[in-house]
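Okay, got some structures for you below.
Look at the two complexes coming up: subunit A is in both, with subunit B in one and subunit C in the other.
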Partner chain A sequence: MCQVEEEYREPPLAPAPPSVCKTCVKCKDASAAVVVRAGDPYCRTCFKDYFIHKFRAMLGKNRVIFPGEKVLLAVSGGPSSSSMLRQVQEGLSQNAHKKLRFSPGIVYIDEGGAVGRSLEERLRTASELQAVFRSTGFPFHMVPLEQVLDVPPSVLVPAASSQPAASVYKAAVDGFLQAAGGRRPGAAVQQQDAAGLDVLEAHTASLQQLMDSATSLTARQELLSSLRQHLLVHTARSHGYSKLMLGDSCSRSAVKLLAAVCLGRGAQLAQDTGFSDSRYGDVVSVRPMRDYSAKEIAFYNHMFGVPSVLSPSLTTKTSDKSSIQQLTESFITRLQADFPSTVSTIYRTSEKLQTAGGSSGGTAGTDTCLLCVCVLDTSVGNATAFRSTLVSQCLSDSRAVPSGPDPVSAKQSRPCGGQQCGTRTCSAEDRTPDLKALLCYSCQRTLRDLSSLDRLPHYILSEAQSRARRSQLREEIRDFLLDHHDDDEDDEGLHSPPDPSVVA
Partner chain B sequence: MHTCNLGKYQFSIFGYRLIFLFFFNSRASELLFDGVKEHQVTLPGQSDPWDMKQLLVWIQRNLLKERPELFVQGESVRPGILVLINDADWELMGELDYQLQDQDCIVFISTLHGG
Partner chain C sequence: MPVQCSSCREKRAVLKRPKTGHSLCKECFFWAFEEEVHQTIKAAELFKPGESVGIAASGGKDSTVLAHVMKLLNERYNYGLDLMLISVDEGITGYRDDSLETVKRNQQQYELPLKIVSYEELYGWTMDAIVKQVGLKNNCTFCGVFRRQALDRGAIMLKVDKICTGHNADDVAETVLMNVLRGDIARLRRCTAISTTSEGDGVVPRCKPLKYAYEKEIVLYAYFKKLDYFSTECIYSPNAYRGHARTFLKDLESIRSSSIIDIIHSGENLSVRDGVKMPVQGTCSRCGYISSQALCKSCVLLEGLNRGLPKLGIGKHHRLHDKLLSQQPLTEKEERKLKSVDF
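Up next, the complex of A and B:
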């Protein structure tokens, strides 16, 4: 795999004036069909080689997927994930030394119930996708988003990773080659859940209510993506997959990165958009499509007949400014059109964060956000931007300036000025545990935009309750514990129990 | 007189002559083109040859019933919509200045909201 890394270089910049019908820069023979990044024209054949090679190079360079490992491909039916599925098929059919050696499965999460599609429409989409999935011969799972209502609370808890160290990679590859002798790992065809979508009407209603309780599209999108993520992890865990392959393209990653900054997810950037994300510990997400622009994907799919299955999303038919994520997408798209190299610069930023952040090894044992399962970014000192934000938020809510050392614990709600504000705060605080302390800054903001926390799925509320109980217990016995770390601001590894006077 | 017969087009998966592909965002595309998925299109005759700039104006006037801003912006297509002329990137074909030939295959692919 190492020669792959060296072979592959971005083609040098060739600023050519637009002229009609150029020849391919690679083979210098055939006439070009597509202009890829930096303005290089490629012919059909060279473009295909370039595209397929890039996928293998991405996996080879990162060395996170082990031979024989079970990898779950999250396919939404959209262009990027459909293209990813095709790349895995291509990779498995290559000859020996170029071959991908993991064992793939497919999961499709049907979000139709959350975006108000009729069951009939959803079944039609599902059966189109089933036909595509069946033709790959990989096992596949058709999962309606409603099933997230039945996942166990443990999905929110990072599990210990069983991943061997990176140094074992080469040995594992060699061992696998000897043992398998080139046998195709994905060849065992077993099709599960092929009977279509298993949806209860009552579940669809609860899901719909939950989505409707979000008062902004921004919050609704964040909530939906959290639920989807939980269900993906649950599906992977319950079928023994240790990797989750996501189809985020370069353009998508850049949008996610900037949107994450806007949404106050700075601390989680690396994990949200990097190549690999081990926040769940035992199930590691990888994003092998993050080197491809949306344009490359669209061209590849069109030229080589990769089917996409259309399904409307939350933002279908909405304007550019209806949510932070939408606004960021249209910004990035314009940027891509006017300054093509800027977008890849943006997404490359997340690569650098990834290395510096050191997100490897999982987060087991530390306090993680109830919703996004990242390490909490809220246990910080008093002289930080986070505290200042909370203070000014408190002030602009036009409440009395809290006199205590902790403005956050003042029971405030968002400054909606509406009549339901008071009742919402009451009901939320009386019946459900105080979720704030269990959430990262960004997820706090998301839940602030929910009109009722009672609609949250049971697994979230019940995990919240048991965490609250645990921390209460810890608080009670606090005085009897040896105080072994005062420096909780500096030491990320040894997280102190959340101090309720800080993030209550 | 230059008449261009762009023949049938559709915007589901693969069409014949003029194809409008709107991946993923199917509802928006149905909205854009008035819910009609397949057309027989013949551009009216004019003294000069048709070019892409004129085609976009014509599409906007005759095919887009609602919210043309989802498709065109200024005199070109909205950023994020790719254009293929006979299966080649229109950046290689002179973009807006390309002169349409009879039986040309024009494909529009939206990359917005892909995932």
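Up next, the complex of A and C:
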């Protein structure tokens, strides 16, 4: 609901101390074991039912995962993604009430190389997780982040969607039920990936150098999340998965949303935090855990023995103000303590947003960012924040403008803010001219914090080069092209994939 | 070694621009600051020649700098605008009476006509009297709602075509954050607009020429120009929730100075999903001012004050609007809820 009135929330009065003898609000019989929200005590059984139902309701409501589809679960070992894995297990089990009908696989990205962990530590974590994964019986992939250095440039290009329209969902379910005859999907596949991590020392060194070239932790985190995303998509593509399941909880989504606002990712908010994200076209990310708070998940994992394996991240042992993401997280956590509706309010905001450029989720045919693969948000009108920063840079640096011999007279007649600003001639950083034009606003900010762009992985640089060449070619043949809006033959035959979030 | 100005490459730099990090000399900074405001005005086509424009003046740094820059640019670039100052006297002893003295001095320095509208003459209540009734909590709601309407009334008395306010980039970014935290999608969408569209009778279009100017640069500008401004926090101001957003924004700025502009960029590029319920703009059936409800907020607040039920306008009591409109008394139970809390 929209908050129409100007109203400032007061911290509620201190809650009454929880009494021990309360009965469950659901079955009104058993004694309560957990208080999910203020005033809602649940017993063990009802809490479990509630938790499991929520997961299936989330998938059922959104209707994006088709029966028989291959779904890759991204499990980091943290509480939320471990809980997600358990939910999928529950949903596929023989006696499940409303069975899930997709065939799952697991991917674990080991970021130890970027965080500076030793190989022994990394192997220990990996073997702990392997034991967990093996017990599920699902196929799994242990992928060290170093492998991102070997991914092909095509990972940065949205592919055509192979997904059927959401309107045929019902028919697809019926068809599947008849064909499969209730046979359990996924059980047939019992392939196990090679144990251990396949890491080259030289690769770890280059990854480390890339991370070190970021002068701020904010940029380092952004960079790492881009690399992780690329590797996840690459893994999904190369093993034929068409869905990627991410374990973002409600609390995590709220932090991500506010951090994204602060990083200038307003245009990409819906994709970054929404239920489904089809920016890559053929591999759609879904976030089925985004209805659960971190607290609910912690309770569930504790009560039902869901194992989680924690590994240090970039922000481990850093202060609150070490990066924008970290600051946002501690800000929201602190606010949530005083105003318990903070997280859910922010989270609900994300449900009211959509991606820039209308309701079509497809990115094919438009220019996308080299790093985050979202539609570029930099070709905007004159009176915008983006333009105003370019004007400011122009006006405070005489070298930024192709000026006449006398700087003062040139300044007087300077056409700043007009057509010249915002083009490559005006950029303060001469080192990055060709990359900047290929990035969205926020990723430009991230790359500005890199001391050297040469350390970027090969697939990014070579894709950048080929895009730059293409646009140069296009410039040369510009006069002969009849339709300037649709001049990329790569996009022929591509049609926008349906955006499931709109239909739902 | 003295740092050289990165713009003229001749003089010694005296400051580092918070917005871009460049080191500039005084003259180049003045030029850049004024030129940027000019570019904003030009790019957004805020004014047309011949228009009369009211500058909302509080005597604080933002409005003082705004008045100074508007007068200067109007002459430098021949905008052809007829400028005047509009002030609102909320009736806060020890705060507004002092700052209005500053505005009166500005009026003489800039030779612009000045109109002061007071809460007392418009509503029959000063903020001092309101605080006496509602206490220190929530009094900003009254002040904010009343001021919006008071400015419009002042503008109509002066017959100006537009009002410009001194909202700076920090204010806009802070509002974006506030609206995300409150889940107010309607305001989130509107708050980054540089000017309001003509909303109907009784409402004068508003714009924010300083929208892209950093608060710190405004202070630097006022400091080096030695402008006469009033810098005291309002004595009734402790608005806790906005304070959280403000602290957060300052922390963000200290980590990455472009954060303020980055947040505005985010706000400008948000797009709201089709089908999300939005409030519909109508008019207040009592005073005719714009309102999304049957009664506008300021009429509800005023009614609350006059009935001795100050909490009537705090929070949502839409169900009571019909009763208020038909002048019916409220039930005892309803009244008990809306009286100020006794301690």
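The criterion applied here is as follows: the second predicted complex is superposed on the first by the 403 of 504 C-alpha atoms of A that agree within 3 Å, B and C clash if a C-alpha of one lies under 4 Å from a C-alpha of the other, contacts with A are read in each partner's own complex, and residues count from 1 in each chain.
By definition in this document, contacts are C-beta pairs under 8 Å (C-beta built on N, C-alpha and C of every residue); 3 or more make two chains touch, one makes a residue touch a chain.
These figures come from a predicted structure and were not determined experimentally.
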_If we overlay the two complexes on their shared chain A, which of subunit B and subunit C does A:Gly264 touch? Say first, second, both or neither._
second
*Determine, for the superposed model, which of the two partners subunit B and subunit C contacts more residues of subunit A.*
C
*A:Ser216 contacts which: subunit B (first), subunit C (second), both, neither?*
second
*Tell me which partner A:Thr342 touches in the superposition: subunit B (first), subunit C (second), both or neither.*
second
*If you stack the two complexes on chain A, which partner ends up touching A:Leu481: first (subunit B), second (subunit C), both, or neither?*
neither
*asked:* For the complex, give me every residue of subunit C touching subunit A.
replied: 6-10, 17, 19-20, 22, 24, 28-29, 31-32, 35-36, 39-40, 42-45, 137-138, 140-141, 144-145, 176-177, 180-186, 188, 194, 212, 239-242, 244, 248, 251-252, 254-256, 258-259, 261-274, 276-279, 292-293, 297, 314-316
*asked:* Taking the touch rule as given, give the residues of subunit B at its contact with subunit A in the complex, in rising order.
replied: 13-14, 21-28, 31, 79-80, 82, 84, 87-89, 91-95, 98, 107, 109, 111-115
*Which of the residues in subunit A end up touching subunit B in this complex?*
18-22, 31-35, 41, 76, 78-81, 247-249, 251-252, 294-295, 297-299, 301-303, 305, 307-308, 310-313, 315-317, 329-330, 333-334, 336-338
*Mind listing the subunit A positions that touch subunit C in their complex?*
1-10, 216, 218, 257-258, 260-267, 269-270, 321, 323-324, 327, 331, 335, 339, 342, 345-346, 348-349, 351-359, 377, 380-389, 391-393, 395-399, 407-408, 411, 416-417, 441-442, 445, 502
